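Each of the next two complexes has chain A plus one more chain, namely chain B in the first and chain C in the second.
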Partner chain A sequence: MRITQGQFSFLPELTDAEIQAQIQYALDQGWALAVEYTDDPHPKNYYWSMWGTPMFDLKDAAGVLMEILACRVARPHDYIKVQAFDSNKGFESIRMAFIVQRPDYEPGFELVRSEGPGRIIHYSIRGYANALPSCERYGASR
Partner chain B sequence: MLTGTTLNKPLDVKITDMKERYTSGVLKYRQMGYWEPDYEPKDTDILAVFRITPQDGVDPIEAAAAVAGESSTATWTVVWTDRLTDSEYYRAKAYRVDPVPGAPGQYFAYIAYDLDLFEEGSIANLTASIIGNVFGFKPLKALRLEDMRISPHYLKTFQGPATGIIVERERMNVYGRPLLGATMKPKLGLSGRNYGRVVYEALKGGLDFTKDDENINSQPFMHWRDRFLYCVDSVNKATAETGEIKGTYLNVTAATMEDMYERAEFARDLGSVIIMIDLVVGYTAIQSMAKWARRNDMILHLHRAGHSTYTRQKNHGVSFRVIAKWMRMAGVDHIHAGTVVGKLEGDPNVIRGIYDTCRETYVPANPQHGIFFDQPWASLKKLMPVASGGIHAGQMHQLLTYLGEDVVLQFGGGTIGHPMGIQAGATANRVALETMVKARNEGRDIWNEGPEILASAARWCQPLRAALDTWKDVTFDYASTDSVDLVSTPTAI
Partner chain C sequence: MRALWCQPVTLLMEPVPVEKPEPDDLVDLAALYADSHIAEILTQLDRDLVGLVPVKTRIREIAALLLVESGRRELGIQAEPPSLHMCFTGNPGTGKTTVARRMADVLYRLKYIRRNHVVTVSRDDLVGQYIGHTAPKTKEVLKKAMGGVLFIDEAYYLYRPENERDYGQEAIEILLQVMEDNRNDLVVILAGYKDRMDTFFRSNPGMASRIAHNIDFPDYSADELYDIAEIMMASMHYRFDTGAVAVMRDYIARRMQQPRFANARSIRNAIDRARLRMANRLFALRDTPATRQALETITAEDILTSRVFAQ
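What follows is the complex of A and B.
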């Protein structure tokens, strides 16, 4: 399966030049970029690991791209996304988020149904990759 | 602006001698004190502008004073009991009357209401005055509430949207693009099991939301529990298969509040992220559900069923920008607010005014957009507008340009009617949307290059190609019945 979180997951993978253009757009709006990665892309895993704090003072798209490249080298098997933070009143939240690296093989999620009274079903979603310890998922070796 | 001085006969001026003022009998409203051309509205006042069409021979200023009177303290005759109160203070005051450009016999009447005329946090109380008896008042041929300024003092007595745009996005984990939805079709007749199939296919294909239609409640062909159970299964299945948070607006509209609470609680217990109600449930029921939604971490969608009975005609009723304002105060999270390009009423300037009213923290007066007053929104959350009705993937560049990013684009027929199936329909919409956002961010001129941008994505995305081929010539290019009358040049799409 293909995890389609983020604003461009239905498109072909963005090239580095295309990623840089999106970063430039965010910088032009006055937003701060951040890089995050995870080996647990559960839809409700809101907090991926931060590749450093958001880059509030970095106004250079090429510089942000270098951080992405460095994160890719350090976390070659993980999902990596870029987020843009807007600190302006009325927003004060994330304004962009898109995936810039994903594992070659995405095993996806199991939907676990447990029957309750009547016809009620309680649902939980579990990543197949999560059966392994964090350091061994998506082909990473100890 | 009409000042009233040139038309004034001595009899028509405000009577200041108290004995004379309160002699039993009938006075003109302006004599009673409902016309105050020198009045300076206070920051705390609630302001309203009405379009009035007086009966032949009725002076517009007297008509404006009558509207002020009938929507506040007055009755048709003098009553001595006025003298037991500070009646001067409670009287609404008409303070300005302008002829409507290009519409002979129609006038914009500005009226100020003191804050103390209204119960805190009650749309029902506000509207019982502002659109109460006055709309049936015989000396007027027609009356329309065009716009209101709600003072921050009064706004702060309302909850506002239960969730709001920012928190909805954080909960749904969707940023940087409009959200996508679809209304299930056919509107009526599907069994719960068949209905859930459509929900699953649309969500799996790439939509964030699916939606019950306004008239899906609990009919013989599909009772509500059955629908909720199948739909929630579809939502979870699609979530597991895409890794994205999905939702379906479960319509809890019912005959009584008890029924609505029961349905809402069931939706919550099943894990639904969103429920919906229809405007026809009434203002009090809407406020009750908004408070329930805030208590239960539920996004609350409002379908504006019924509004066109009073919003469409320019000379009579209530403009939708006022309804949108009331609904932001009442506390819903989503409201259908027009598409500009789709099948339903929507002049671009009017729609812009409505979208601003939903989404901005401060809306400056803008006559071109039908906004008569500066409207600060205090700290009420933002209301997500929903664009629904006759839109399709081929219009994506127009939709993004007109409506911006904080909007739910709902393609019902444009998803379910896709020749390759519902999933393909959803995928076509999602690819068109992501392609267009990406191009816009790259600095391309999507208004002019839109069709080319879509065509180029359609070269690698067959569902998009099929969608563009199927609906390429579909437009709904009719004149709007509700356009703004303050600008001389009409707008065209």
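What follows is the complex of A and C.
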């Protein structure tokens, strides 16, 4: 099941040139870029791990792309996304976020129903990949 | 009107047959030259920078190289882009930083770099203070400079042979890697005094082999220094009166013999001090209103009170 989070996730995978162009757009708006990765793409997992610190005062997208490539080498089986933070007053939040790497096989989520008192049913979703320990997900140790 | 309308269009557009080579094999270098507006920059360079003939020659050569390179690209001739990392050597005040900015201009106009910006750093911006501090620091600087020019002033300080645990070596290694891997994204210019840079390159052959252009900045002659003084004065809307011209020339000749002479920088400082004395002179006469001419003119007296003449 293909995970759709952030921008462009219904499109085919962006090429590196396309990623660079999107990053350049964000930089031209004066936004700070950050690279993050995770092996738990649950929609409510707001806190992905940071790949280095957010990058301020950059002029050209090549610097961000360099970090993305380094992150791909270090985390070949994880999800990687790029975020653009707008520090302008009134926004002060993420203006862009898109996935730049995903595992080859995405097992998707299980819908878990748990019965409560009085025939109440609580629903939750749980990533199939989460059944494995963090270091073994998405074929990391196979 | 009607008659014009009826003119068959083909007649008007009939091509004139001319003998010429295949259009696919032609590239108009003159048009490329005009499009890049590089001529303006080169003339401006000639006008603003006094002397520095070898430097200007090299900039022209690089401009020609990039122009021909873009012509080749237009015809689809494949080639790796040329490596343009440079080293500027010369004594203090010979215009290394100024030329680095102009160089960025030239490279940007010729589309070798994507952004017209120069990031100027020195050892402190690249080298960290404890283990693990250097790599992120150097990388951050490199990322900021991406797309433009990274100017490393007094680059020889990066390498400190007397301290084997110095983190400068780590910065050099990261720098080398990025200079090689991101050759299309970044131009690195190292600057420093000639003898110290030579020592630096001897101990870092990897760095020496990645620098394609070594440009040596000669010291200015006394006449050139006077011309520089004139240009500086004009840009600040000051001028020398007739007496001051000879005194300024004399001042330059004396100052050149003194220790810690820093070429154009010494001249700038001399002018700044002359301005100070002129202001004091006018301030002492504040009871009478000063004319515009008086406010613009530096007299012999303003220069003669310098300590250079006291010795």
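The rule is short, and it goes like this: the second predicted complex is superposed on the first by the 138 of 142 C-alpha atoms of A that agree within 3 Å, B and C clash if a C-alpha of one lies under 4 Å from a C-alpha of the other, contacts with A are read in each partner's own complex, and residues count from 1 in each chain.
Basically, contacts are C-beta pairs under 8 Å (C-beta built on N, C-alpha and C of every residue); 3 or more make two chains touch, one makes a residue touch a chain.
Bear in mind that the values here come from a model prediction, so they are computed numbers and not experimental data.
Enquirer: Using the overlay on chain A, decide if chain B and chain C clash or can fit next to each other.
Expert: These partners fit in the superposed model.
Enquirer: Tell me the contact category for A:Gly90 with respect to chain B and chain C: first, second, both or neither.
Expert: first
Enquirer: With both complexes overlaid on chain A, does A:Gly63 touch chain B (first), chain C (second), both or neither?
Expert: Once the two structures are laid over each other on A, A:Gly63 reaches chain C alone.
Enquirer: Look at A:Gly52 in the shared chain and tell me whether it touches chain B only, chain C only, both, or neither; answer first, second, both or neither.
Expert: second
Enquirer: Figure out whether A:Phe109 sits in contact with chain B (first) or chain C (second), or with both, or with neither.
Expert: first
Enquirer: Once the two complexes are aligned on chain A, which partner has more residues of chain A within touching range, chain B or chain C?
Expert: Higher number of touched chain A residues: B.
Enquirer: Considering only touches as defined above, state whether A:Tyr128 meets chain B (first), chain C (second), both or neither.
Expert: After superposing on A, A:Tyr128 lies clear of both chain B and chain C.
Enquirer: For the superposed arrangement, tell me the lowest C-alpha distance between chain B and chain C in Å.
Expert: So the smallest C-alpha gap separating chain B from chain C comes to 16 Å.
Enquirer: Which positions of chain A sit in both the chain B and the chain C interface?
Expert: Residues common to the chain A contacts of chain C and of chain B do not exist here, since the sets are disjoint.
Enquirer: Once bound in the complex, which stretches of chain B touch chain A?
Expert: 166, 169-170, 173-177, 206, 225, 229, 232-233, 236-237, 239-245, 269-271, 360-361, 382, 427, 430-431, 434-435, 437-438, 441-443, 457, 460
Enquirer: Of all residues in chain C, which touch chain A in the complex?
Expert: 114-115, 117, 136, 140, 142-144, 146-148, 178, 182, 185-186
Enquirer: Which positions of chain A touch chain C when the two form their complex?
Expert: 52-53, 55, 57-64, 66-67
Enquirer: Given the complex with chain B, which residues does chain A contribute to the contact?
Expert: The touching residues are 1, 3-5, 7-12, 18, 21-22, 25, 41-44, 46, 83-84, 89-98, 108-111, 113, 119-123, 125.
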